[in-house]
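Got a structure for you, questions after.
In order of appearance the chains are A, B, C and D, and numbering begins at 1 in each one.
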Amino acid sequence: MELYWVLGIPLAGGLFLALWGSREHAPEINALFSLLTLIAAGLLTARIVEEGPIMVADGWFFIDSFNVFLVALTAFVAFTTALFSRPYMRIEREHGRLTATRLRLYHSSYQIFIAAMLLALTTNNMGILWVSMEGATLATVLLVSLYRTPASLEAAWKYFILCGVGIAQALFGTILLYFAAEKILGSGGTALLWTHLNGVKEQLEPTVLQLAFVFLLVGYGTKVGLAPLHNWLPDAHAEGPTPISAVLSGLLLNVALYAVMRSKVLVDGALGTGDGNGMAGNLMMGFGLLSVVVAAFLIKRQTDVKRMFAYSSIEHMGLVTFAFGMGGAVASFAGLLHMTMHSLTKSAIFFAVGHATQSAGTQAMDGIRGLIRTNPTIGWGLMLGTIAILGVPPFGVFASEFLIITTAMHQHPWATPFLLIALGVAFASIFGKVQPMVFGETTLPRLPYQPALMPVFIHLGLVLMLGLFVPPYLADWYRQAAALLGG
Amino acid sequence: MAIVFPSGFPTVFPPDSTPVEFAWAGVLFWLALAAAAPFLRRARGLLALAPALCALGALAMAAIGLAGLLAPASAIVLPFGLPDLPFHLRLDALSGLFLLLLGAAGFGVSLYATGYFRHMETGALAMVMLWYPLFLAGMAMVILADDAYAFMVAWEVMALASYFLVTTDHAIPDIRRAGFLYLLIAHIGAVALLLAFGVLQGGAVGEMEAYTFAAMRDAEQAPFWASVAFLLALFGFGAKAGLVPMHVWLPEAHPAAPSPVSALMSGVMLKTAIYGLLRVSFDLLNVQPGWWGTLALALGLVTALYGVIFAAVQSDMKRLLAWSSIENIGIIVAGFGLTLIFHADGKGALAALTLTALLYHALNHAFFKGLLFAGAGAVLHATGERRMGFLGGMIRFMPWTAWLTLIGALAIAGLPPLNGFVSEWLLLQAFLLTPGLSQPYLNMVIPVAAAAVALAAALAAYVMVKFFGVVFLGQPRAPIPGQLHEAGWPERLGMLWLAAGCVLLGLFPPQVIALLAPVTRLLTNQTLVNDAGGAAGWLLLAPVSSERASYAPLIFLLVVLVVLLLVFVWVRRVHHGRARRADPWDCGFPEQDARMQDSAEGFGQPIRQIFDGFMRVERETPDPFDPHPQYRGDSRDKLWLLLYQPIADLAARLSALVGRLQHGRIQWYLIYSFVTLIFLLVFVTR
Amino acid sequence: MTEMDTALTYPLQVVNLLAALLLLISFAMLSQRRVVGLITLFAWQGAALALSTAIVAWSTGQHHLYYSAALTLALKVIAMPWFFYRLVRRLDVDRDVEPMINIPTTMLIGIALVIFAFNLATPISQMAGTVTRATLGIAMASVLLAFLMMITRAKAIPQVIGFLAMENGLFFAATSATYGMPLVVELGVALDVMVAVFVLGIFFFQIRETFDSLDLKHMEKLKEK
Amino acid sequence: MTTGILLQITQTLLAILLAPLLMGWVNQCRAWLQGRAAPPITQPYRVLRKLFHKDAVIAHDASPLFRFAPYMIFACMALAAGIVPTLANDLPFSPAADVIALVGIFALARVFLALAAMDIGTSFGSLGARREMLVSFLAEPALLMVFFTASLISRSTELPVIVEALAHKEFVIYPSLAFAAVAFWMVSTAENARIPIDNPTTHLELTMIHEAMILEYSARHLALIEWAVALKLFTYSALGIALFVPWGIAPAGDLAALPLALLALVAKMAVGGAGLSLLEAVSAKVRLFRAPEFLGTAFLLAVLGMLTHFLLEV
């Protein structure tokens, strides 16, 4: 029952805002719908925690601890982002960068986007999963080009084409999956249900699944932003409105990776390789490592703050992919933890960056100086967020990096030099660029009125807490999820 | 396993509570102070009191450390941390000793800070008082941690807190640069440590429990991987301790911080790295090949000489002290290497001797370096001037500071009967005992290495004469801004405490060594016997045998004092005490003025001349018509150019290369995914 | 359907024929310079697809395939080509510049791709449960060819048509090789495609009014300096 | 024990009293060698007496450190003289400080002298201090190496034990000691401000090292310093004797040997002083920048001595 709320509310919100969105209180309505979604998600989560995995609508939806935790995360970040976007978009509008109609488009597609992601997470049908992923892309394309500047158009175009092509590959992978499945499960609806596939995964034809996984990995991997398929990501993040950058980084990438993981489980089953040394695991480790290194070196060259943090998202997604690739209880646990931490931290950073760029009137980092003098809260938010994302304890990102790196050192020592170099370069680059933005003298004006930094500090507070103390039920939940991923 | 506090907070101590619980309580106290600080902006008075509270906590911590040193090891598990890996804390003799060090030095410094921070503007003070107790707590936790995660968290919190303290006045670009360099190298070092722990994790790998030190202790380690772990640890801890060539951040960061913080960083934080080295290589690793020791010894000696040479040519007093910290760390690490050598060679007693020496030196350095930074800080506070070229004659304006600093200077210069001499004496004794070793080449090389230590010690004297002479003696080299005020009472008390430490540690070596015994027993299963024989035992120090070598600072001091008094009395009785004041003579040269004294550069000139090869000198020769010419010769180390610049360039080149990937043409991006797809298809179906 | 495995019935032979036709059209698109011609070819491809789907539906009694056939007809043969014709006329962009790789080379690469695709597909199609399994290789080939076409075209519309052609290939794989995905999925996919085209339409106008041209070389500003 | 303490005190006093005599003797010899009319051998005593009677003149802003330093220096030298066996070999005080501590004592005195020199803030003062510290930081390790060689031979850093091992065990030729001896001579010339490093009788300020440091001193303070200098020379000579020609020093608890020991001491001192003056007469002062090379050589010789010990004597 909760499930229908979870999916229905944002959908309804989308339609409602499409009709009424240009009114004065659209932002509040937007936030309200997100809040309701969050509540519904909370109820759903509570139910899963006590009852364990459930099937809804005779197997069309399947919720286990893996995706319910992503549902909760998505709903939460969606809500905080809506809170943040309220004053942010208002300021944008005052600056005359946006019109009422575009705000209407923004608000409704925002809700649709959330709905699509929640659907992708909860559906049991690999085909629907694909459909909703594509839907999520389409919902955000027009948001990326919201400002109608040449740059934003270009970014949106690249986003559309590259992700479209990528997702097409994913569809082919899905077809191959079906192709292999219908022999065992017979044609018709059930053959694409993940639970059924999972049940018979040992009998699935290995060679077909290998091919299928390649297509799925390339397809969804494009959306995860794995190098060298990542090229749309920095543009889209840099040119779209900041709330969208936040949800793209914080949520969409997770959902795409979720899709990859669902398929990985099946492939591992078919090839009989559970513990990471299978073909799927190796591919993911390879992509992950490559992404980490490439991203780290690209970060070094950035001059645009949002672009830089976009690359840092690629880096962290690479790290998570690497962790999942390694497999095993600790690594998968760490991967899930890192997903959470990255979503919370990165969105918090984008919130802070958003206001920073607003007060500086530019996204160029040379233009942003000495935030801590004029807007202390923004300054501290950015500083702490950066420190957190760079994996400095006691923030939670460190906890997952600690587990990932030590495990890697134990199981795949060859990989650690790359990780060491990449982390070092990334740290030097990001921190070296953020420090002068936060510290030092400045000529920046204050923001017209109090920015909404509550979300920033809520997120950072959570990250800090999870670095020092993971509540037991959350931990169990992670453990079950890790077990599902073949830990 | 002792009891776990409800929610980790000790409401009231049960009668059977162990030292480690008290230690945890102390940490919580500091954390509470830190948490309270931002809310005290309104209540300036309370805020100004915070350092004093820190000092109290430190004093308690010292007592707890002492207890932990003498009591059997105790441990607790905190109710938080990672899900299956809650924070493990353990207080054994080794931790106890370093906790004692932290507490004792921290007490003096914090007392000093009470006065030093008094004049700060409220907002800044609130920030400082947020990070300062956090810094103390972080260091304490590093020493107490008993699992890899807790250790790393504490380690980085320590680094982070100190970073924010270093960048207290971040308006100055140099300070920002220093802070950045510091945090960067600290972080890279931390990642190295992470990898080291990754190698060390033992027991059931893949279980969280594998990260506890207990599991690491009884994991069996392949020699190769053990060596990998050791090298990683040496790199990581060396980066924190300022071991050449990872030292570049130290001379930048330590001077940049407010003086009490510099004192803590040099005096205590560097020791946590030494603690880590000892913990990992003697406690966690259970094999120690000899070549580790040789490596550490070489590194240590190079560091010692490098540091002291550069200290001699500095012209900024805090930078000079920072370089001298590098020297002392070098000496300590050399002792560490020697310990490893003896240990690997099965010479337990000798290992105990060197271990004692290095622990002793660590203890000493905490005191005199804290004292010196405090003194320098007082001068800086009074004159607002760090460049020695503009100072001088401070002893007339601030006698307290001057005389107390003199004690520190003499101590660090390794002069009897103060504490610096004792540890160096022990170390040299150890060097002289190497002929027992099995490898002949070591026998030959090591006494020569002793020469390097001797050289470093002698140069240290040079450095300190320069430091004290230029800053405190002679005439002010530049007009003094306003009227100079002597350091206030809290500062004086803090410095008094530290100075007392220098003197007492110098005068009672037998007792101190007895105090160190549990640690040496813990790490080498051996203790240093003081074979001074019964009655003389309490004043005579004879580490190996009284035949071999002995030293009794008390007698020493007594004789000097007696002779001194006798001579004085005799001169006054037999002759007279008449004296009259006049202008200085200086060979009758009339136009005598202050600018004719040696400047800091001038005093360092001979050293610069001799060791020209090591350094890159940037000279500013004044223009001939300048009425008040100022010569500036800034000697920086070449290592920056030779080692770090190339790395930076390489990274830049690589990123330029990678940057080509992202050149904007969508067709190319499509080609990437296309090629990737084809490649993978070929790859899986090959 | 086991009795069909012995000999391929005529309808299914027609399906194979259409498959060949599909491949042929893909090649033709690869070589086509003019945008209008491209649209026509795209429409023909759609037609072939619809027809083959219908035949498969009729001969295997998979009724839901009729829906997808109808969908294909409606969307890819009528709606989209019409839409694109109008677009081209409105924006008057009926000249394609020289593609990034010249035509002959593209052809050669295309042939290589086809061989590759067949080699990839044969081992799989052996184990397929369906009779029309051989078409899988062709589907894969046309997907790759469409991909290639997207790479070589330097203008917005041809690229999009390439994208849709790829969709066609996928559709063909779905219908002929596996007798169609579950209906929900098919509908969902169709919906997505429709929305995609709609969004693209909006895009074209935005791009047009910003850059007054649909030439992609105006859109290479976002890069690493 | 009591006899020991008596011996200790007498030896120390003896050293303090005899030191100026040695200084006088050296000056006399040098005067002869230079063909000048020699001052009487007791000249140093007269100088001291004169200085003690004078009124001290102290610069206006001299700090207490300036007035305290001479006493400190003198006390250090007295202690040093106390622990070097001159007559007899059992010294109750000697356990208080071994050779390493002895180096420490010298260093302590030197640092105080240098600081005192910088206290007034005159150009020559700081110049002298800098040069003194330069010379010392090169000389000190060399001296330590010399001691190390000796103590590696005798397996101890206690002077009495060393003397015991060298003088009262069966006679062995130690090649390493030959190197050490040369190094020791070079070091002691440097440490005692003699030619070729420094010239005690110079009046050319720019070449001064030691003299430059005490320019501001007068009267009793100067007297104490001069006396300390003499004492230092005496102690170094005694050291040289103890390390390289220890024969004749009375073994522990053998009072009968004392007169003989006294004679031996006087003889050795006479010869040593003459030798020193001879060397000073024939050699010229090197430029200050050459001093590092000179002392570096000393250091090298000492190290060579130690290595020869490992090669030939272990």
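Criterion: contacts are C-beta pairs under 8 Å (C-beta built on N, C-alpha and C of every residue); 3 or more make two chains touch, one makes a residue touch a chain.
Remember, it's a predicted structure, so these values are computed and weren't measured experimentally.
Engineer: Please name the chain that ends up farthest from chain B once chain centres are defined by their CA atoms averaged.
Structural biologist: C
Engineer: Measuring centre to centre with CA averages, how many angstrom lie between chain A and chain B?
Structural biologist: 43
Engineer: Calculate how many whole Å lie between the centre of chain A and the centre of chain C, each centre taken as the average of the chain's C-alpha atoms.
Structural biologist: About 31 Å separates the centre of chain A from that of chain C.
Engineer: Between chain B and chain C, what is the gap in Å from one C-alpha centre to the other?
Structural biologist: Computed from C-alpha means, the inter-chain centre distance equals 70 Å.
Engineer: Just curious, how far off is chain D from chain A if you go by their C-alpha centres, in Å?
Structural biologist: Going by mean C-alpha positions, chain A sits 78 Å from chain D.
Engineer: If you look at chain C, which of its residues touch at least two other chains?
Structural biologist: 120, 123, 147, 150, 159, 219-222, 224
Engineer: Can you list the residues of chain D that touch 2 or more other chains?
Structural biologist: Residues: none.
Engineer: Which residues belonging to chain B are in contact with no fewer than two other chains?
Structural biologist: In chain B, residues 659, 661-662, 666, 670, 677, 681, 685 touch at least two other chains, as defined above.
Engineer: Which pairs of chains touch each other?
Structural biologist: A-B, A-C, B-C, B-D
Engineer: Mind pulling up the chain C residues that touch chain B in the complex?
Structural biologist: 100, 116, 120, 123, 147-148, 150-152, 154, 159, 216, 219-224
Engineer: Note which residues of chain B are touching chain D in the complex, please.
Structural biologist: 392-393, 395-396, 399, 402, 406, 410, 413-416, 421, 425, 428-429, 432, 435, 440, 443-444, 447-448, 450-451, 454-455, 457-459, 461-462, 464-466, 468-470, 473-475, 536, 540, 542, 546-552, 555-556, 559-561, 563-564, 567-568, 571, 574-576, 578-587, 589, 592, 594, 596-598, 602-603, 605-607, 609-610
Engineer: Over in the complex, which chain A residues touch chain C? Could you list them?
Structural biologist: Checking each residue of chain A against chain C gives 125, 127-128, 130-131, 134-135, 138, 141-142, 145, 148, 150-151, 153-158, 160-161, 164-165, 168, 171-172, 174-176, 178-179, 182-183, 187-189, 191-192, 205, 207-208, 211, 234-235, 238-239, 298, 301, 303.
Engineer: Going by the contact rule set out above, which residues of chain C touch chain A in the complex?
Structural biologist: 62, 120, 123-124, 127-129, 136, 140, 143, 147, 150, 156, 159, 163, 166-167, 170, 173-174, 177-179, 181-185, 188-189, 191-192, 195-196, 199-200, 202-203, 206-207, 210-211, 218-222, 224-225
Engineer: Using the touch rule from the top, collect the residues of chain D that touch chain B in their complex.
Structural biologist: 52-53, 55-61, 63, 65, 67, 71-72, 74-76, 78-79, 82, 93, 95-98, 100-101, 104-105, 107-108, 110-111, 114-115, 118-127, 129-131, 133-134, 136-138, 140-141, 144-145, 148, 151-152, 155-158, 161, 205, 215-216, 219-220, 224, 289, 292, 299, 303, 306-307, 310, 314
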